[in-house]
């Protein structure tokens, strides 16, 4: 019973940790917009956590610059299981307009398993919410396998 | 004038206090402590003094009235006090020597590593 | 004299004192050479000192039954020379429950600290001399509280001051040790002079030095000279108790002395000062009925409490911080005693006892840290709990006790003090006592704050690389700390037993001056008052602990069932970033938040006060001497007006 | 047999009402209500009412990471001790006329017992070794100091007011205060107690570390502060402690100032007290949360030691002169 309860709860209370890996701030603002009264993801239980230790979902924005790669990976490694990694915007998925630059390491999926990609530059809040909800389902699945 | 003793005693004590408070040389501080001590010794002796009294030495049969003695107790106290005073001086001087070795100065205003 | 006569318990007080002086003599007779054993450079001489302190404690414990429980007051004339012509001519020891209470505290602290010393002092030079001074100090304090003669009190004060000064300067290489000793000597000497002057003034008036006889003569015949004597004696003993304005000396001396001596200076020397002040105000001059006298003690006590706790918050040295705290706690004792109510005295004595236990424990823990790391600077330490787990636990017990966290002993006594002050405020309708309650409560929180600071800066947080090889201290030192920690817990859990066996008899003795006088063979018409120790609060530590244990047990079972132990902790891969601290993604580096970094929000608001206090405590001995003179002048003026 | 039954009864008190289960459900529910109210005040939909339960169970299911630099035992034990101590405090707070354990603690003891959860959090944070936690615990301690002075003044005022009304001069026992209110009506109706009640109400957000006094756990500046390194079940316990503390402090407020509103039947009274707690929370926690921005720590301190202490002091002086 408890296992089921925990599984259900995992889907209903995903906490986000947001990493900016050299983003232009466009996506970051959109992520914050998702928390505003108009969209209010808190109704789905989402909450921004301040530390990766408390997070379930890591949201990475930006093209993963070489400077930030180590930091992104170590912060992701500090998130306890079950965890879910979401890339947001085109940059961490392809490099976007920065592709080919010597200082950009995108895509992130080269280094770590990415669960959900939210496309767009920057993605619309609706898209973000949709992606995050998908992430919660993956989270629930992962929890079930633990 | 017996009062003169008391005035002198308290004057010495105050002089000692004054020296300790205002002089910035460690040796002078020690001197101040000694002066203070002498003041107290004088006070003790004065308290036990009886005009015309002799030394409180046991002499069988010659004296009949106790009042001829000065009070022996303060004299004993003075002895103790003098001994203690000497110890204080010795102790403080030895500390002064070591302080001079490690701080290179005798000025109290510079010997203030511990503060606040 | 046959053996049974010798083993009569009336002789025990003098045995308890003499065995320590004898110990000092024997240790000194053993010479100054270090023995070959590196673990115990003093060899058999250390064991002699230990045996002396142990025997002394034993004699005093044997007195508990007749004096504490039987209510007897032992009057002992040295060499059987007692009263002649209505005047006391001999040297007397008088042991009532109050004396015995303090003597027991002293003997316990001395014994435990002696156990600790054996392993603690191994790295020092001149260890045999240390034990000589140690026994002298112990004998001096014990003699002071057991003495029935005011001049003997002075002599004992001098002995203990000497020994304390010498021991403060014992580690001459320690930063500031010589300086601390010199400051202590100068102001201590002014205090001793004041005591001697007071004694002489009394003698000039009443031609006796016996405490009991003075107590029977003085109260009816107060004149200006007596008041002057009172002021001198009060200030003299204040310097021994280190209460405001003599607290900087305590900070210097405790900080510089070896930890085992800091225990004695803070747990024992200050107690002797408090004891003497109680004897003065309650017995000799019997002025505690006066509102002005109560005001003075409560005021000085509250000031000590508050000033010293704020000073402690600003410290960055472990032992110096503890030193300020010890005066802060003495402030509690003085406030409670100054209330002049039965509950107040009982609470004050209880706190005095607790202070000896927990402050001893804390100093020993500080000594353990010093012993292993070589420093007590809060800014340089950190993370020692991984290397010294036992010391950490013992320290935490001490820290909880002093901060008054239930169910440790500090809470029980502080709680009684709050009630006593507030009750007194309501009884007398005097809002000043209410202020004392509030100050006491706030001080307690500030105490907690500064111990959080120590815990964070020394035992938790991150371990600096230079202390990677630190080990746990030897068993002997942990044993000493363990004894004190156990006593801290026990006296906290059984407050009723402690009060009924120890503090209430002592408080009763404080109130029954008539018995004290008549036990010595002088006439006294003072009635024995009816005392009530009733208090308004309720606190049942055992039941609370039981509840907590059940709750904790239930919670633990629930947690274990919920796989609370599914903990992933690093095994080998310490380099794995997963187990490193979170630094915003950066590589983990040494970064300790401790010492002066803490409590900015508090310090910022009080910055003017802290700046002012820092400048005031200038460290120049002339300033401290000036404070002493001002205090003396104020005391004289106050006594002349108020009494 | 009777001993056994009595034991069972007390075990019931500890485990069910007003102990663990009651604390667990009501505390989390109260927090849920608080979050919902704040959201509604900000024109958001807000999380579901049961969100704190979801958070709790989710955290229970997560991995617990103990950092290599942490002192393992303290790190793991601290949350448990803090929560257990808080539950025990809840046992001492009377619910209308009913108190499960009388004669074991008075208001001063409760004041100190309320320190234990904060202390446990501080020690746990300290044991984690994180510098963020170091900053957090420093702020938490300052908040505790800040709240202590006004709280002390309020409690002394109440002790004096009830004591002089009863004729004993002083009254420290919480159950006595509760009984007095059952017989004579709530304390808040007395003019001298109004500033004290207001002061206590202003202390509630500080004591529970709620907005705008949550500097110690500021997630945006110092990465959750004290809980920066906590994850999984220990974090769940901390969140639970946080929630139950809200319940404890508000129910202490209700017991001290709004007592005497009840029917005499324990179960019904429980509901009534909970309803009162909700009202107090709505007014002084949720509303304050919704309309203010987080203060700096030195502002927190200043605010409590001037405004709130001033209010409490007024009350104490009024109580002193028998109003």
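Lettered A, B, C and D in written order, each chain numbered from 1.
Just so it is clear, a residue touches a chain if its C-beta (ideal position, glycine included) is under 8 Å from a C-beta of that chain, and two chains touch if they have at least 3 such contacts.
Remember, predicted model here, so these are calculated numbers, not experimental data.
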Residual chain groupings, excluding chain C and keeping positions: A, D | B
| item | value |
| --- | --- |
| Chain whose mean Cα position lies farthest from chain B | A |
| Most contacted chain pair (by C-beta pair count) | C-D |
| Euclidean distance of C-alpha centroids - chain B vs chain C, Å | 30 |
| Whole-Å separation of chain centres (CA-atom averages), chain A against chain D | 35 |
| Computed distance of Cα centres, chain C from chain A, in Å | 58 |
| Between chain A and chain B, centroid-to-centroid distance (C-alpha), Å | 82 |
| Overlap residues in chain A, where contacts from two or more other chains coincide | 2, 51, 53, 78, 80 |
| Where chain C touches two or more other chains at once, by residue number | 562, 568, 578, 580, 582, 584 |
| Interchain contacts (touch definition) - all pairs | A-C, A-D, B-C, C-D |
| Contact footprint of chain A on chain C as seen in their complex | 562, 568, 576-578, 580, 582, 584-587 |
| Interface residues, chain A side, partner chain D - complex | 2, 5-10, 12-13, 37, 40, 42-45, 48-51, 53-54, 56, 78, 80-82, 143, 146 |
| Footprint of chain B on chain C - complex, ascending | 151, 155, 158, 162, 165-166, 169, 172, 175-176, 178-183, 185-186, 189-190, 192-193, 196-197, 199-200, 203-204, 207, 209, 251-252, 255-256, 311, 314-315, 320, 613-614, 617-622, 625-626, 629 |
| Chain D to chain A touching residues, read off their complex | 35, 39, 42-48, 51, 53-58, 60-65, 132, 218-220, 222-225, 227-232, 235 |
| In the complex with chain C, residue positions of chain D that touch it | 11, 14-15, 19-20, 60, 63-69, 71-74, 76, 80-81, 83-85, 87-88, 91, 101, 103-106, 108-109, 111-113, 115-116, 119, 122-123, 126-132, 134-135, 137-139, 141-142, 144-146, 148-149, 152-153, 156, 159-160, 163, 168-173, 215, 223, 228-229, 232-234, 237, 296-298, 300-302, 305, 316, 320 |
